[in-house]
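There are structures below to look over.
The same subunit A turns up in both complexes below, where it pairs with subunit B and then with subunit C.
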Partner chain A sequence: MHIMEGFLPAEWCVVWWLIALPFILIGTLELRAIMQKDREYLPLLGACGAFIFILSALKLPSVTGSCSHPTGTGLSILCFGPFITSVIGAIVLLFQALILAHGGLSTLGANMISMAIGGPLAGLAIYRLLKNTRVNIYLTVFLVTAAADLVTYIITSFELALAYPAQVGGVGTSFLAFFAIFAITQIPLAIVEGSILALVFKYIVQMKPEILERRGVFSREQIERALSAENAGLLGGDRS
Partner chain B sequence: MIRNHLLELVTFIVILAFIGIFLLVSANGAHTFGGLDDLGSQKVGEMTGRPADSFKPLIPQYEPPSGEIEATLFALQAAFGGLVVGLVFGYWLGQKRRAPAP
Partner chain C sequence: MLEHLLDTAAQASAFRHIHPGTKLLLCLGSLIICLVSPSPVVPLISGMVLSIVLIVPARVSPVLYGELLLGPAIFTMISVLVLLFLVGGGDLLWRFNPAPWLNLTITEGSLREGILVMCRVFGCSVSLFFLTLTTPMTDLFNGMKRAGIPIELIDLMMIIYRYIFIVYDQAAEIWHAQVMRLGYSRPIEAIRSFSTLCGMLFISSWNAGEDLIWAMDFRCYAGIFPSLDRAEPIRIQSLVPVAFYLAFLTGILFATSRGVRTPWI
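Then we have the complex of A and B:
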């Protein structure tokens, strides 16, 4: 979701830009470290970033009769954390602001906070919660991805509500008004996106389990359990 | 066989359901399937009592002159992503084939 250019008052543009900048800065440093020292992770980085490019280019129709984008940030937050994810997200948003007029430069800060930072952080919170449990890793990926998608829109609603509080009821009422438009549209998209990225993650586990393990995304036991569950056909109990 | 591909099956069903919902929604009632961005902007207009087109860009920006050009640019974005995914997955598959996991 983009807040269109001109639709945020200048002072809010500045606020969101200032909050977003440290993430981008740290992310850039982390990216540089990976490019210099940990080049083995570059393919994984490419794949995670590529899914943000692909999914955020798709405008999908939803139950409300309007269209919206998935965000695609789930894989990246799992594999590379919030800072690098913020940089990749920012690149996509910059591209869309500069040549597609989806979002703009002044609202880029707010859009980074929602799609590239806030949503992914919500995914990260769920990941931390489930990481050391026996929950099936694909279910974790599904939940992380869906949360990153959905929370992006919750934050956008919040950003708009802060800038445009309702005359009666203030920020809360205004939030609910924006949220009502966004959330219902986005829930089906979040479910589709979660399923697709969970499937993609399964293929990464099958092709490159060692890189996920070395990156510390999931432990060796969890990855082995996922692989052997597949072979034994036990996956069924873990997904509902 | 099916159980090994349960996740594929679930994803397939989810996508089918999504398409089904789309067909159902578009068959019932006149929906424009406009973008959420625009809906959000309209809502801002409603909340502030200002028409949505009275909001002028703070920073001048390029706008694709037509929907066709916009579609091309979005397709390019997705194609770029697809290219990278194909490259990486192909690279990993090649590696795996050469050195099968123990």
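Then we have the complex of A and C:
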């Protein structure tokens, strides 16, 4: 998904930077508030950031001036909401550009919009829809993560299509061409990432349920229901 | 992956002790000029000049630099191939009909666009490499502090930066152990192994992070990481060549963009 340095024309770099900046500003203010309130979140923030970095560095080449990889933002959106996730995502994208030469500074705005803002917002919408229902919390995490991953690539395809509309059919044709290429690798990756993040969440529920409850990610009742289902061996019986 | 960190190369660079602001000025200046150039000449010249500067006076390993350039080069070539058939305008140069419903054409406009994108990616990538191969992350963090970036943001950056190495080391150990136990021998087995790896990774890095915070609390951590900022002063000997180089690029930009309609010039 990382659009490489210099691939987008200057005017589109400016547009995506301008759209991304308010999210980063609000995210920074939220970050300041959360760090002043309780520094216990700091390790979780760092772990989320490093996790996103490692997952999104596992890239597969794609024929679109970009690449395919898991995004890892689902966990952060559940724990910290869209604005702090946008800050964590922006830091990760900046590090990847500076340390690994994945992405770039001019395309950072566009990459932020797709991976750190757009994808997580789609995940958040699914989460809000399912949060207060009786849907299993692991299924919710799976859907949130897979949606965040897929929407990230839909937005990247849109960004590329806007920058390079097709000669015949314009932006629409170009979008379909870019997304069709991404879809080959990204749909299976989204399913795998959803499964992985659901499992990661299972570990968090087992080991640190209190922090999820305090952040209001899921209610105590939902967490206890998930734990009792696991203990009853309904989730594969790996604890038996 | 992390064995070839650009940060390691930056620590060994001969330009390591030049003020980060000077290097940032060169990086951003040439990047912006390459980006707004409607002609491929400017990014091509900028990319070549900065490559020579990186390899000769900055003493960056040519092998490392070549490997680094290979990534964007492969991506760019494949992507430009797609753009050649997608965008267009101008006279038809080549037509190919692999199927009755598929008509692939390359036009004069698409070829021009393809060459421009290829050169722009080269010029902009080298501008970024100039910064990353000569400036360690610690210098950038200190530079950000001086530039007034909120301290909470920089602290989070430093924590994530530290965590990346913790997570990566643990990931490598777990992955090797799983491979030794045939954890990736079949697709289903691979998904299960990878999920377990990620789950354990997340929890253990979280625990390591808590240990780090506790250790820092015992050392009177009050929410801000104090760090020693010993940046070299801005020197006229490095600033003048940068200013001349950017003026030279701007001159070529204006010379090559005459008659080309762009939103900027």
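The working rule: the second predicted complex is superposed on the first by the 224 of 240 C-alpha atoms of A that agree within 3 Å, B and C clash if a C-alpha of one lies under 4 Å from a C-alpha of the other, contacts with A are read in each partner's own complex, and residues count from 1 in each chain.
One rule holds for everything that comes next: a residue touches a chain if its C-beta (ideal position, glycine included) is under 8 Å from a C-beta of that chain, and two chains touch if they have at least 3 such contacts.
It should be emphasised that the depicted structure is a prediction, and the values quoted were computed from it without experimental measurement.
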| item | value |
| --- | --- |
| Combined model on subunit A: subunit C and subunit B, fit or clash | clash |
| Touched partner set for A:35, first subunit B, second subunit C, both or neither | second |
| First (subunit B), second (subunit C), both or neither touched by A:220 | neither |
| Which superposed partner A:91 touches (first subunit B, second subunit C, both, neither) | second |
| Which of subunit B and subunit C A:156 touches, first, second, both or neither | first |
| First (subunit B), second (subunit C), both or neither touched by A:138 | first |
| Which superposed partner A:185 touches (first subunit B, second subunit C, both, neither) | first |
| Subunit B versus subunit C as contact partner of A:54, first or second or both or neither | both |
| First, second, both or neither for A:11, with subunit B first and subunit C second | second |
| Segment of subunit C that clashes with subunit B, given the candidates 95-103, 185-193, 221-229 or 257-265 | 185-193 |
| Intersection of the subunit A residues that touch subunit B with those that touch subunit C | 4-7, 10, 13, 43-44, 46-47, 49-51, 53-54, 57, 61, 63-67, 92, 95, 97-101, 104-106, 164, 166, 174, 177, 181, 192, 195-196, 199, 202-204, 207-208 |
| Of subunit A, residues touching subunit B in the complex | 1-7, 10, 13, 43-44, 46-47, 49-54, 56-69, 92, 95-106, 138, 153, 156, 160, 164, 166, 174, 177-178, 181-182, 185-186, 188, 191-192, 195-196, 198-199, 202-204, 207-209, 230-231, 233-236, 239 |
| Contacting residues of subunit A [partner subunit C, same complex] | 4-7, 9-11, 13, 28, 31-32, 35-36, 39-40, 42-47, 49-51, 53-55, 57, 61, 63-67, 75, 87-88, 91-92, 94-95, 97-101, 104-106, 164-168, 174, 177, 181, 192, 195-197, 199-200, 202-204, 207-208 |
| Contact footprint of subunit A on subunit B as seen in their complex | 3-4, 6-8, 10-11, 14-15, 18, 21-22, 25-26, 29, 31-41, 43-44, 47-48, 55-59, 61-64, 70, 73-75, 77-78, 80-85, 87-89, 91-93, 96, 101 |
| Interfacial residue positions of subunit C with respect to subunit A in the complex | 1, 5-7, 27-28, 31-32, 34-36, 43, 68, 71-72, 74-76, 78-79, 81-83, 86-89, 107, 109-110, 113, 117, 120-125, 127-129, 131-132, 137, 140, 150, 152-153, 155-157, 159-164, 166-168, 171, 191, 194-196, 198-203, 205-206, 208-210, 212-213, 223, 263-264 |
